[in-house]
Amino acid sequence: MAENLLTIMTFLPLVGMLLLLLIPKTNEGLLKGFTLAFTLVTFVVSLPLAFNDVFTTSGDMHYRQFVEWINVGDFFQMNYNVGVDGISLWLVMLTTFIMPIAVLSTWNAIDKNTKGFMAMLLLLETGMLGAFVSLDLFLFYIFWELMLIPMYFLIGIWGGKNRIYAAVKFFIYTAVGSLLMLVAIIFLYYYAAQSGVVLNGFDIAEFYKLDLPYNAQFWLFLAFGFSFAIKVPMFPLHTWLPDAHTEAPTAGSVILAAVLLKMGTYGYVRFAMPLFPEALPTFIPWLSLLAVIGIIYGSLVAMMQEDVKKLVAYSSVAHLGFVMLGVFALNLQGLAGGMIQMINHGISTGALFLIVGFIYERRHTRLITEFGGLAHKMPIFATIFMIVTFSSIGLPGTNGFVGEFLALMGAFQGGLRWYAVFATTGVILAAVYMLWMYQRVMLGKITNPANENLKDLSAREIILMLPLLLFVFWIGLYPNTFFDKMNPAMEKVLAQMGAPHQVVEIQQPMAPAHASAHGEHAPAEGHH
Amino acid sequence: MELIIFYLTAAVAIVSAFFVVKSRNPVNSALNLVTTFICLAVLYVMLEAPFMAAIQIMVYAGAIMVLIIFVIMLLNLGIATKSRYTHALPIGGILSVLMLLVAGYFVRHGEATATGGEITSEVINSIGHTELIGRAMFVDFLLPFEIASILLLVAIIGAVVLSKRKV
Amino acid sequence: MVTVNHYLILSAILFAIGTFGVLTRKNAIVVFMCIEVMLNSVNLTFVALSRHVGNMDGQIFVFFVMTVAAAEAAVGLALMIAFFRNRESVDVDDFRMLKW
Amino acid sequence: MYSNLWLIPFFPLVGAIINGLMGKKIRNEKIIGGFGTLLMFLSFLVAVQNFVHLLSDSEKVHQLVIAKWITVGQLNINWEFLLDPLSAVMIMVVTGVGTLIHLYSIGYMHGEVGFYRFFSYMNLFAFSMLMLVLGGNALVMFIGWEGVGLCSYLLIGYYFEKKSAGDAAKKAFVVNRIGDFGFLCGLLTLFWSLGSKGVWTLNFVEIANSVHLLEAGGVIVTIVTLCFFLGATGKSAQIPLFTWLPDAMEGPTPVSALIHAATMVTAGVYMIGRMNGLFAMAPATMMTIAIIGALTAFFAATIGLAQNDIKRVLAYSTVSQLGYMFLAMGVGAFSAGVFHLMTHAFFKACLFLGSGSVIHGMHHAYHHAHLHDDPQDMRNMGGLRKKMPITFITFLVSTIAIAGVPLFSGFFSKDEILWWAFGSTRGHWLLWVLGAAAAGMTAFYMFRLVFMTFFGEQKTHPKAKDHIPESPATITIPLIVLGFLALVGGYIGVPKLLGGMNRFEHFLAPVFEHNQELHHIAAHGAHSTEWTLMIVSVVIAFIGIFGAWFMYMKNPELPARFTARFAFAYRVIFNKWYIDELYDFVFVNPCKKIGTFLWRAIDVWIVDGVVNGIAWLVKGIGNGLRYTQSGYLYNYAVVMVIGVIVIVGFYVFD
Amino acid sequence: MENLVQEAIQNVNLQAIMPSLVLCVCAMVLLLIGVFSKRGSTSHVAWLSIAALIITGAVSLCAWNNPQAGFAGAVLLDNFATFFSMICLIAAGLTILMSDNYLKREEFPVSEYYPLILFTTAGAMWMASGTDLMTIFLGLEVLSVSLYILAGYFRDQVKSNEAGLKYFFLGAFSTGFLLYGVALLYGVTGTTKIDGIAAYMLAHPAQLHNLMFIAGGLLLLVGFLFKVAAAPFHMWTPDVYQGAPTPITAFMSAGPKAAAFAAFIRITILGLDGMHLELANLFWVLAVLTMIVGNFIALCQKDLKRLLAYSSIAHAGYALVGLVAWNEVGLSAILFYMMVYTFMNMGAFAVLVLVGKKGEENLTLDGIAGLGYKKPVLGIALCIFLFSLMGLPPTAGFTGKFFIFAGAIKAGYIWLAVLGILNSAVSLFYYLRIMVQMYFRDPQEDFSWVSINVPVAISIVISVVGVLYLGIIPGSLMQLAKLAGL
């Protein structure tokens, strides 16, 4: 396998950014085109991952690359150590996939300092990809922090009215969490070193092998979990999200929702939970509780928002509640639901933010009361918006359903039955706030004269929505494409979390009462 | 006898030192300071360190004090008209008393344990204080001595750069 | 018989007085003089201890302290003059452009 | 040989997609409508082919796996279809009635702006409904289940510029979602509980084969079935979730006919029938179902008495009839329930389409006269039988059918249900009383409807009264067909008592047989009882009819006096027992309040308050410390000395 | 008499003082050059002194891995000393680079400035290499006296005078305590040589409880705590840093502080190892106190120099954390951190030097509003330095902090690490405020006066490169720091 594919993929955007700096400020078209090209190339480079069937058979890390990086003898050492497995695979793909869309979405939206904006986007992409592929805690931390800087500027420079507050809030919130994680990482390292384990830098694979005493696991999980919980964000650490989302420029919101939030959930799956399995039983009830609270709370608050973007932001809180619930179920269905729901949320909420961006570009307001009856003027927009809305509600046949269903199913089987029941009410509330919003924005008569002559979506806008819609239905109708590659890795990580062994082979039905009932089982591969 | 001299000198030193702080006119402070220096010189003599006593007089009472008085005159600082004390007077008093207590405490309860060096009164009397100083200075502490010269050079530069009217 | 502790106590007292002066006097030059008092008390300690210990290191140290005192005197007074030229005062109360 | 099953939902899907994407370009109503109808008809043909095949086939249960869908660990869900008598009947009804209504729509929706949109939605609905009934496992069914919800949302909100339409649509979807919540919970609990017994499946056949693993009448089963039933109440507008259906009349009339009378609303009944094995094991649930059903039948009927909007009357009668079906299910008369489902599909569809044709006419007239009166208010009608004879005839037939007059389809099904309600092991005479009373009221308000609309002198605005035409063929043909079915549809299920052999029940037997022994008629062969009951119910029906005639034909001033007399009772039932207001008060407003509270108080005030508070505190401390830096030399010295004393003192004095 | 001379001569080991020797000689030569070249022209002196520093650097690198002792144990030029010497040399170099135009701008182009910096550096080197308290003390005095002068160098600016005076008085005051401490130690151990003291305490463990020893040790440390500006002996720092000429501020915050740390470490780790536990606790408290004071007060500063002064206090606190750890990781961490800090802080100041007008009244938060747009390159540079000061990857500040806290955690001081981390979280606020001003606010002025001139540009570039290099591939320097540990 291409040894350094991941490295190329990860640092391509960075290279792009450096080259970008050479382009004159004034040549906006070139700047945008260049960035778009680089993101697209990155996407193409990442494609081999998606089409590699090795993931269907083994849950190990692939495309490994290992380079000794910092070696200070018995003090500590870190390595450049990257790889992907079925879990990070799709998040990587999501990132490379969403970036061109994000770039395309900003075509006319950015009025000042395009160069800086594009540079930040590229830097951000490197940060995100790096965080997903790094297998060395230290390396992960570096990328993790690296994402902070560009996002801070994206919000702070190109954001809305209240951007400074939002940017600083975002920065401080996330930084505080990650700093605590840093302490935990170092502690873990020396603890392991003292317990005589032969470490390979901060390689998580080695840390997995540790058998820390409960006490250490408790505190470490607390530190890791805290910082990830901020990123997810879980109630009550979520308040940075609405501000950040509302103030950020469209592209920023899209990336924030689609990828950055996944860092938190991914962090739980990859680090916090497998590293400290013994602490899980203590925390899972509480974290699941927070997840469920997040679902209901987020939905109820979203219901009352006057600002479309804020509404979507709060809906994110709810959606990620489902993700966390699924993950905490500690079984295959739950985890699969969580994982797929991460991607769903990336696609659906990303799309929603794009949609909000569209109307914001047209009207420069996001207040629901300012709109109404847009469906008359923008039928295409209305249709797309409708589809995305229902995927976000989780209508069967769209991606949202698969995720929520599996997450809940997992929770039902796990010890989280009652949490799941309450979580399921989120399904109702989601319908309430989304449809209400849709109705108030799109339906009814046009009351506000400013909406009288709105243009329908331009070709560019349609084009950048189409891929998202494609995946809305793909995941909804044939999610196995993704599960096939995820399953082995998930089994592996679950085993690491100390979850009961998962029955993988497909359950044959009981001896049928109707002998020939299965006579027709001949799979007629029809139109699918 | 020796004790009496010590106490007398000590008393004078303390009193004059106190007047350095107390007196209204800087010049008086300066003169009191000179007195203190001289008392210390006396004590050095008692400690069989005549050479130290000598340079104490020369360097301090001589050079430094002259410099100070010169500056006082230059800036013709008269008697302080308004209060000569800062707002820190009370707390300063308390603190210095506390410090005295602390110092006294560790002087009383600690002890200077290192003793029995080769330099005894006999040695001093036989070889002579000055030579001993010289030996130590140029055999063991040559480097510090050289550094001291650099220090003085720096001081000169500084004095020039900072106070020469026209550069 | 005068013990080393006599000298140490004496120098402690002088040190305290010096400190008192530094903390309480306004006139910069007086403050400087008080610092000199402190240094002298230290010198006394050194000499006394040097005799008590029985080697010359302490007295050598006194030398360098004197040198340093001289150097500082030169520089310090120069600074004061420079300041005086700008502000017509050497009250420490007037060193107050920079605060907070 | 049933491998073309997938074509049945496929055709409408194609129609939906093509009309949806191309329709705007095509713009030609004939083509669009014709295309949509054609596809429905095609899938009807396939349905017929399969149905006929099934009739002759000895093996009655057939599954068809199309593809894998979700495969995660023990969970292995396929895209699979299930054809058995039950779903066979359903697909016949759906495709058949569906085709007719599509045809009808071509005429009815003529000249609407979003004509293509309408047909696309209708096709999509047909697709979802067929997925629902054909779904081989609970999840595929759930796709249809939510799909029909979606379509009803879209179709109710068809006139989206009307706020009321938008609200109704939203209400429909949300209330349905509440049901779906139950469905989902039931589904998950079932999956887990069966799984814990070793069978990880959602496939209906496998479920049916392994329900016996669960403890009959146990908590699990009860919970599961109750959850499913909650789902059913949502979809089929039963107490407590029936309020959306009347509002759903905001949609175009064909929609009301297809979705809110014939097909979608019966999904709940179908689902219970589909899982009858499970339900049979939960007596408590069965009882609940029966009671809810009976109560719904009764209350809806009472509300129906007082409505003036022609469609609303029908809506409530639908709710009431659905109540019957659930009553049937609850007392174990599964086949009877399905039987009524079918007959009801016929006559109620016919009724709706008839009312539609009336409204169409009225609307046309008002339009012609540039008036803006409500074309649906019966008080503006009357004497229309001369104006639109075909509509009148078919409408009358269906009314007689629903009223339960012997020899009409409604009579057989309804009577069988009542008989089971009384006689079944799970039955109770109270249930029968409620049912019978409802039947009486049904007869009353249905004939009230007929009399007010078609008889008496015409109360239409004089300017408009002469411009009410008979509807075009596309509208009348379906009416005739359905009217005919309403007349004869009952004869496939004539009970033994009347010398029939109830072919219908036998046909469905394979689905229900192994639970039937759990519920059988207690008084076997007690023909006398059966006779009496039958007669009594018929008498009640006639009383109802007579009452209607007496009040609305004989002396029309009577109703006014009546309402004046029982003003309160009238107001209560006229306002649907204030159920909507109650829900608003109990659920909707509190939710909004809580939402606002959480946002304003928790989020902004507490959480952010804490965060900003910390920032503020830190800054405050900083500001405080800052003033130690007073600029006074001696202060600095003081601090240093304090430091020295503390440090040295601490170690010296300890 | 003859034999004395012999003795004296064999004590001499010029290699042990070669760097400082070279430096002093150069300094004197430059002094003469300055005297004989016409007034107002200082550039050539500046470049020559850079040359001098480079030569010195080369010379002192010769001592790497070949320790040189000499002068009867007065000095030991080991890796430790060399490492710190390099820090000071780099600091001095950057300072000189950013000074030349600065002096012209402030209309006081007097060439003695450069020799003084060189002398300061020499003093710093003696502090780093001295093994006898006497050497260290004199080195300290050379350093301090030159700094008094440099701080008050602009004799016509009251701010500068005041800075000089405050520094002078408090410095002399603290010297008093330091000397008192030395005297007491001398009294207890009979020597002023660090190893002598250590040996004596090893021989007489009972004396560890001798109050005179304890008090002596503590008073001695007070002197150094003053120099490294640890609370509560930090009070001079903000005023002096604010008042002094900006390059000198930069220099003070890096070079002399490093030197102070060098001597500090040598004395505590070697001389006072017996008091390990007490001192560790003391430093624990002081470190936290220092971090809090520095960061919290910095939050409400408007003047950038003063803000950075407080931040440098905070950073001294972080460095102290390494000392608390009292293990080789922690110590090497301090070395590494000092190097890192030199780059990032000097860089930041270099930018300020460019941005300031005469008198630097405009170096306030509002004064740099929109700088990032008007002078993008400077803006990016300053951002890099600020991120480094925050301790964010991929900058050197992060690796430095990581190293420090690694030491603390390895030694088991987890709560200290947590407190430190929380403090740096607080520090985010004020560093971010600078960036908010630079980028999130619209420009008030056009910064036309900012002309990027070569020397300053060089210093900024060097700093940026240093910060990024040490941030991304710090391994090599960390190795060196490891070797330089005591």
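First chain written, first letter: the chains are A, B, C, D and E, and each begins at residue 1.
By definition in this document, contacts are C-beta pairs under 8 Å (C-beta built on N, C-alpha and C of every residue); 3 or more make two chains touch, one makes a residue touch a chain.
Not measured: the values here are computed from a predicted model.
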Task: Shortest contact path, subunit A to subunit C, counted in steps - done: 2
Open item on the list: Spelling it out: a chain qualifies if it touches subunit C and also touches subunit D; which chains qualify?
Closed with: B, E
Open item on the list: Please identify the chain with the largest separation between its CA centroid and the CA centroid of subunit D.
Closed with: B
Task: Core chain by centroid distance, with centroids computed from Cα atoms only - done: A
Task: Chain pair showing more contacts of the two, C-E and D-E - done: C-E
TODO: List the centre-to-centre spacing of subunit B and subunit D in whole Å, with centres computed as mean CA coordinates.
DONE: 104
Open item on the list: From the mean C-alpha coordinate of subunit A to that of subunit E, what's the distance rounded to whole Å?
Closed with: 45
- [ ] List the centre-to-centre spacing of subunit B and subunit E in whole Å, with centres computed as mean CA coordinates.
- [x] 31
- [ ] Averaging only over C-alpha atoms, locate the centres of subunit B and subunit C and give their separation in whole Å.
- [x] 7
- [ ] Specify, in ascending order, the residues of subunit A that touch 2 or more different other chains.
- [x] 172
TODO: Provide the list of subunit B residues touching at least two other chains, using ranges where the numbers run on.
DONE: 86, 88, 91-92, 95-96, 99, 102-103, 105-107, 112, 114-115, 117, 135, 140-141, 144, 148, 151, 154-155, 158, 162-163
Open item on the list: If a residue has to touch 2 or more other chains to count, which residues of subunit C qualify?
Closed with: 4, 8, 15, 18-19, 22-24, 31-32, 49-50, 52-55, 57, 60, 64, 68, 71-72, 75, 79-80, 82, 92-93, 95-99
TODO: Using the contact rule from the top, write out all pairs of chains that touch.
DONE: A-D, A-E, B-C, B-D, B-E, C-D, C-E, D-E
Task: subunit A contact footprint on subunit D (complex, rising order) - done: 2-3, 6, 10, 24, 59, 61-76, 79, 139, 142-143, 145-147, 150, 153, 157, 160-163, 166-167, 169-170, 173-174, 177-178, 180-181, 184-185, 188-189, 191-192, 195, 198-201, 203, 205-206, 208-210, 591-592, 594-596, 598-599, 602-603, 607-608, 611, 615
- [ ] Sort out for me which residues of subunit C touch subunit B in the complex.
- [x] 1-2, 4-10, 12-21, 23-27, 29-30, 32-34, 36-37, 40, 43-44, 47-57, 59-60, 62-64, 66-75, 77-82, 84, 90, 92-93
Open item on the list: Can you tell me which positions in subunit E touch subunit B when the two form their complex?
Closed with: 4, 7-8, 11-12, 17, 24, 28, 31, 39, 70-72, 74-75, 110, 112, 115-116, 119, 122-123, 126, 132, 134-135, 138-139, 141-142, 145-146, 148-149, 152-153, 155, 164, 184, 186-191, 200, 204, 207, 210-215
Open item on the list: Applying the document's contact rule, which stretches of subunit E touch subunit D when the two form their complex?
Closed with: 165-166, 169-170, 173-174, 177, 211, 214-215, 218-219, 222, 226, 231-233, 235-236, 238-239, 278, 282, 293, 295-301, 426, 429
- [ ] Sort out for me which residues of subunit E touch subunit A in the complex.
- [x] 328-329, 332, 373, 387, 392-394, 398, 402-403, 405-406, 409-410, 414, 417-418, 421-422, 424-425, 428-429, 432, 435-436, 439-440, 473-475, 478-479, 482
